[in-house]
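Some structures to go through are shown next.
Two complexes, one shared chain (chain A), two partners (chain B, chain C).
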Partner chain A sequence: MAALKRLIQEYKELTLNPPEGIVAGPKSDNNFFEWEALITGPEDSPFDGGVFAAELVFPQDYPLNPPKMKFISEIFHPNVYLDGRVCISILHTPGDDPLGYETAAERWSPVQSIEKILLSVVSMLAEPNDESGANVDASKMWRENRDQFNKIAAGLVKKSLGLT
Partner chain B sequence: MDTLPLPSLQMYTVFSGLGLFYAVAYVLTASDSNFVNALWDDAWCATAVVNFVCCLFFQLMSFLHKSVFGTLRSTEKRHLQDKFWNFVFYKFIFIFGVLNIQEIREMLVWCSWFALIGCFLLTSQLCKDRFLYLSFSPSTPSSSHAKMIMFLSCILVSCAGLFMVCAIIGWQFGFNYFAFVFSEIYVLFTLTLLTLIRQIIHLWDMHHEGLWENRNVYTYYAEFVLEISSLSVQFFHHLHMLLFANMFLSVASLILLMKLRFLYQEIQHKLKRHHNYVMVKHTLERSFNLVGPNELRHIQETCAICWEKMNTARQLPCGHVFHFGCLRSWLEQDPVCPTCRQTLDTSLQRNSREPTTGDQRSGVRTRRRRNWLLYFNGASIASWLPTFSLELHQPPPHHHNTFNADMDREVNHVHTMFPDVPVNAIIVDLANTHSVSQTVDNILSGLVPSRTSNQNTTEDHQDDVTPATSTSDIDEATVRQRDTGGKNEEKEREEENGKGAQSSDFSSTDVPSFQTRKQELINAARKKYLQKHSHLKQC
Partner chain C sequence: MAAFPNHHPSTPVRPRVFQQLDGSLNVHRIVFSSLYALLLIVYFPFGLLLFIVRVTMLLQAFIILSIIPTGVFQRFLLRILFGVMGLVVVTKNWKRRNTAARMLIANKISKLDHIVLHLAMECTTISLVDVPLFSSLFYHTHLKTESLNEIEEALKKLPEFDVDVSIPDSAAIPYVAQPESIYTNGRSLSQFNVWPFTVEDIVQPVALSWWRPIDIPFTTLDSSDFTDLCWTLFLPLTIVTMTVLPSVDADDGKGASDFAKKANKKMASLMNVDVLKVSKQDIEMWKSEMKESHSLMRKAFGSDTGPLISDSQFSSMGTPPPEIERMTYQVISVLPHIPAHVIRKDLMKTRNVDVTVTNFLEGRVKFDPAPPSSSSGGRGGGGGAVPQPQKSKPKEKFSLEEGNRAFQERKKSLLENARKRYIAKHGQ
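Our next item is the complex of A and B:
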């Protein structure tokens, strides 16, 4: 059970030195393999100021395989599937490449960590990769109608804070 | 599965009891010879008696489960049910398809034997599921582990007894029956032993700092030997059944063949994986330097894969160092340096592309197992492998039902969003609007009088919790209410986290709990958002 020990270590690290705007931890003490994370939308991005909740589910052989990540809060983003699953290269094992655009160097390896994943998600929020069409509508709107996209994002930010 | 009209254990007990009652009554009234002989002579009475004995077995098992494990979680229940019906299905095939038993008393003997073995198997399966669940958390009380170990040891001891019985059967009835009985016990034995070994290693691991470097090797070989031997025994068992039945064109033989095919694939997969393991290990030992503790102190202290301290390590050509075991398990999967992704020795290339971890495969299989049609394709084997389908969600905390509590919660809700607005103003507005969002809109549009906000940005969370303001009755009352609300919330959270929740390594330090930190983040973001937007409006 190397996985549990490493998850404990990471939780400790994330609690004692949390990155700006990110809170993450196990949903309950009974299960360290399911986490919840809150991610603040980066400044000067369409999602500026929003707090988006996501859940991470770790495989039993973590860190050999990456966790699965899914937004619980509603989000409209080129790299997030409609059901909330996040499509970024760090969450893919070297073997699978669903959309065929990433180089192996960006993918999962056991030296990555939860913190790095969450930081990648923050930068994904700031700079969507419109080549990967996890959400085709969002991709298209991001490319062709940025104002509309920003408007939707601003609505989601408000919603994520529970202010609607 | 749930749609099938299967009787519950209670119903079964009631009917078995009735059956026994009638059998006894019948024998007592009908004959005046020796009671026991008469009972055994009449086929139906004998069936009723044996059935009742089996029922007692299951009741006893169920009682033991309840007393040792408490209430079972839904996944465990489902696994038990699956396993049980699967077992019944295969034994039915065995009795009527393979042995082709005509004599009812012979069948009864087999039935009681299978009831006994079945009880042990189900218990072992439950231990395995429960251990998996316990191993997800660092804060499991050691008493639950102790109980499990005791239980598993009991099963192991019983296994020894069963092996003796098996030897006697072999002596009396010949090799065929010995082989049939032996394979059953052996499967039970390996399942139990494997769970026990895993648990002991887990316990050892959790109570020791650092990594036991050879641990991986021991665990791996223990698992490999036990799993392969169990699979081979089952393979030969099924082959034996097929040959024994001596009729190749029947439904039973078809099912046996399917199972054989499955077992064969499973063994093949295990051997392939082992081959890969040995190869990676040899390559590692041959081509990468061993680094001792002295040198390690200069390079790096912890292994980047498991984050534990390193005493000895292997160095890759690119200069990065890792634990031998950690490196090995990664290279089995992908032969590149985890840190810089430099491709390594070509002899490691390939052969490793296919999934090497049993977990992924079993994940697929457990999903399939829910389908009753594909069911008999070997669920008894799949249950060996770790499962992913554990549902560990706690039920959501109960919501308050009364209006007052609701109102209080809403007031709290709004107040945490807008700490500037006095609580009584929120209450008045909420009483009018009956809706949080409406009140929020009113506040946002300035309809609700807010305290002129000139607090500095460093205002912290404390202010939200205890607004140090007016001493009006309403205000005080709500503050009190809110305090109790907070306590309730805390209690709920504690319940959610289980009794041993406080034993996370650093809960003693001053770091606020995860829930608090989450709330703080949201509050801060809300405050920032509102400030920004009110600023925009003014512009």
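Our next item is the complex of A and C:
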């Protein structure tokens, strides 16, 4: 089964050459289609130093279709829905473009990878895209009241480390 | 660092844009490997008869055009006549038309678009580059610009060339421009030329789409209006639907090129298709690839015995190369970092995508990651057994057997380190 093989291969790659600040792997030994990932908030971003947990659920026809990604840790971000779902172009297939501004090249295709998704999420944490308002309140605050936004983010960073 | 590079230096992965072009443009009407070709052979006598009958009806259409004055009645008669000739034009959402928008923007789906547009509504079509022969025979309401040749030259050099087109205030009927630079098949929208957006501040997109009971493209990249018409007369039925979409306004203070981009995106999203961002070179490269594979398939289709091609890669194996090519792309989609020639070679042995993928993952196939020399056709062989790109930094161990425990530990240590750093930075 191509999906399982590809997932094992990607897991191996991610373990042998992990990108800095990212750990990702299957939640359990007997199901490779549900992953958990820890993502460190990038330096010089509002989420600097936080460690945010997310889950990825892969379709049976992966890599033809992208996984679904959802933050488990609490996060307040313009591109993350209130329930934690992540809204970035790499997680959309070229066919569906709900907002009509993404080029097909930015979106999911089999040559993308879990690593690329996770790195995209890291850059999303550093540079929110306020054009796609998955979280309207966060978008608005990001644009109009950056100090307040940074304050909330700093609180979430502390919370994500279990230090509150 | 990237575990799955888009392009391994030695991997001739098809450019992504090619995949997009596959679905958007057509070079050939008939795909030789498909069942349709057989179906077509069976259909041929019937189609020929239809064609002959319909050619005589074209004459009637000319008569109607010359004796009945232009207007609703003439259009009604012509629509019926063209319907019998196999070109059925359906108009959708006409009532939603914004009468303030005197400039309509249509996508290009065939070289018969001008005829279709005139059958669908009373309008003046604007065509800067070429008014196809048959359309100009039928309709004379084409906007002429003074220096057509100069514009043509300029358009070739500069896609954003501004043309001084203006609609007279007295014009009672809408003008239709087709700003797409290439003929797509309705499943995507190519980038718009800017000139139609210099005329008015509001445009109304109309989407053309087509349907045929037999999946034969309405148009191809190199076809003329004559060949498009012949196929239409030959095939039982072609339904072209013109759907009026909501109008688009120019943003204040922004130029025509922004307006063109906005309209392009809006129209694509309403049609639920992608904007095709490709250059002329991309299309040319894609076209030559298509032609090559088409001729291979043609050979395979024509003779299923004997050597198909002399290429050393395919040597004397009996499987038709197109099949291997398709399987190669499937394997590349799973393992993008392995050179295509290595995959192809293994597929020639296994003829099974799953077995080949397993072979690579378990390191059973050895290959040299260096690029193949173009003359040899790439006989990998020898070299390292490790499929992943080599890294110089010390590696962690990996084995599936160690399983979840190691993963939990890595998570724990990441979190602990982050905590330490946080406390060092902020104090606790």
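Definition applied: the second predicted complex is superposed on the first by the 164 of 164 C-alpha atoms of A that agree within 3 Å, B and C clash if a C-alpha of one lies under 4 Å from a C-alpha of the other, contacts with A are read in each partner's own complex, and residues count from 1 in each chain.
Here, a contact is a pair of C-beta atoms (placed from the backbone, for glycine too) under 8 Å apart; a residue touches a chain by one contact, two chains touch by 3 or more.
Quantities reported herein were computed from a predicted structural model and do not represent experimental measurements.
Overlap between chain B and chain C is detected when the two structures are superposed via chain A. In the superposed model, A:136 lies in contact with neither chain B nor chain C.
In the overlay built on the shared chain, the residue A:65 is in contact with chain B alone; chain C does not reach it.
In the superposition on chain A, A:82 makes contact with neither chain B nor chain C. With both structures placed on the common chain, the touch criterion links A:19 to chain C but leaves chain B unconnected. Looking at the shared chain after the overlay, A:6 reaches both chain B and chain C. Within the superposed three-chain model, A:115 lies in touch with chain C and out of touch with chain B [touch as defined at top]. Comparing the listed stretches 81-89, 333-341 or 387-395 of chain C against chain B after superposition, the clashing one is 333-341. Judged by the document's definition of touching, chain A residues 1-2, 5-6, 8-10, 12, 15-16, 18, 21, 23, 25-26, 28-29, 36, 38, 40, 49-51, 63-64, 94, 104-105, 109-111, 157-158, 161-163 lie at the interface with chain B and also at the interface with chain C. By the touch rule above, chain B contacts chain A in their complex via residues 135-139, 201-202, 205-206, 211, 304-308, 326, 329-330, 333-334, 336, 338-339, 341, 353, 357, 359-360, 386, 388, 392, 394, 413, 417, 437, 440, 444, 496-498, 500-501, 504-506, 511, 514, 517-518, 521-522, 525-526, 528-530, 532. Contact residues on chain A toward chain B in their complex (touch as defined above): 1-2, 4-6, 8-12, 15-16, 18, 21, 23, 25-26, 28-34, 36, 38, 40, 49-51, 59-61, 63-65, 93-95, 104-105, 109-111, 157-158, 161-164.
Within the complex formed with chain C, the chain A residues making contact are 1-2, 5-6, 8-10, 12-19, 21, 23, 25-29, 36, 38, 40, 49-51, 63-64, 94, 97, 100-101, 103-105, 109-113, 115-116, 157-158, 161-163. The touching residues of chain C, counted against chain A in their complex, run 1-4, 6, 13, 16-17, 19-20, 265-266, 268-269, 274-275, 277, 330, 333-336, 353-354, 357-358, 361, 388, 391, 393, 395-396, 398, 400, 403-404, 406-407, 410-411, 414-415, 418-419, 421-423, 425, 428.
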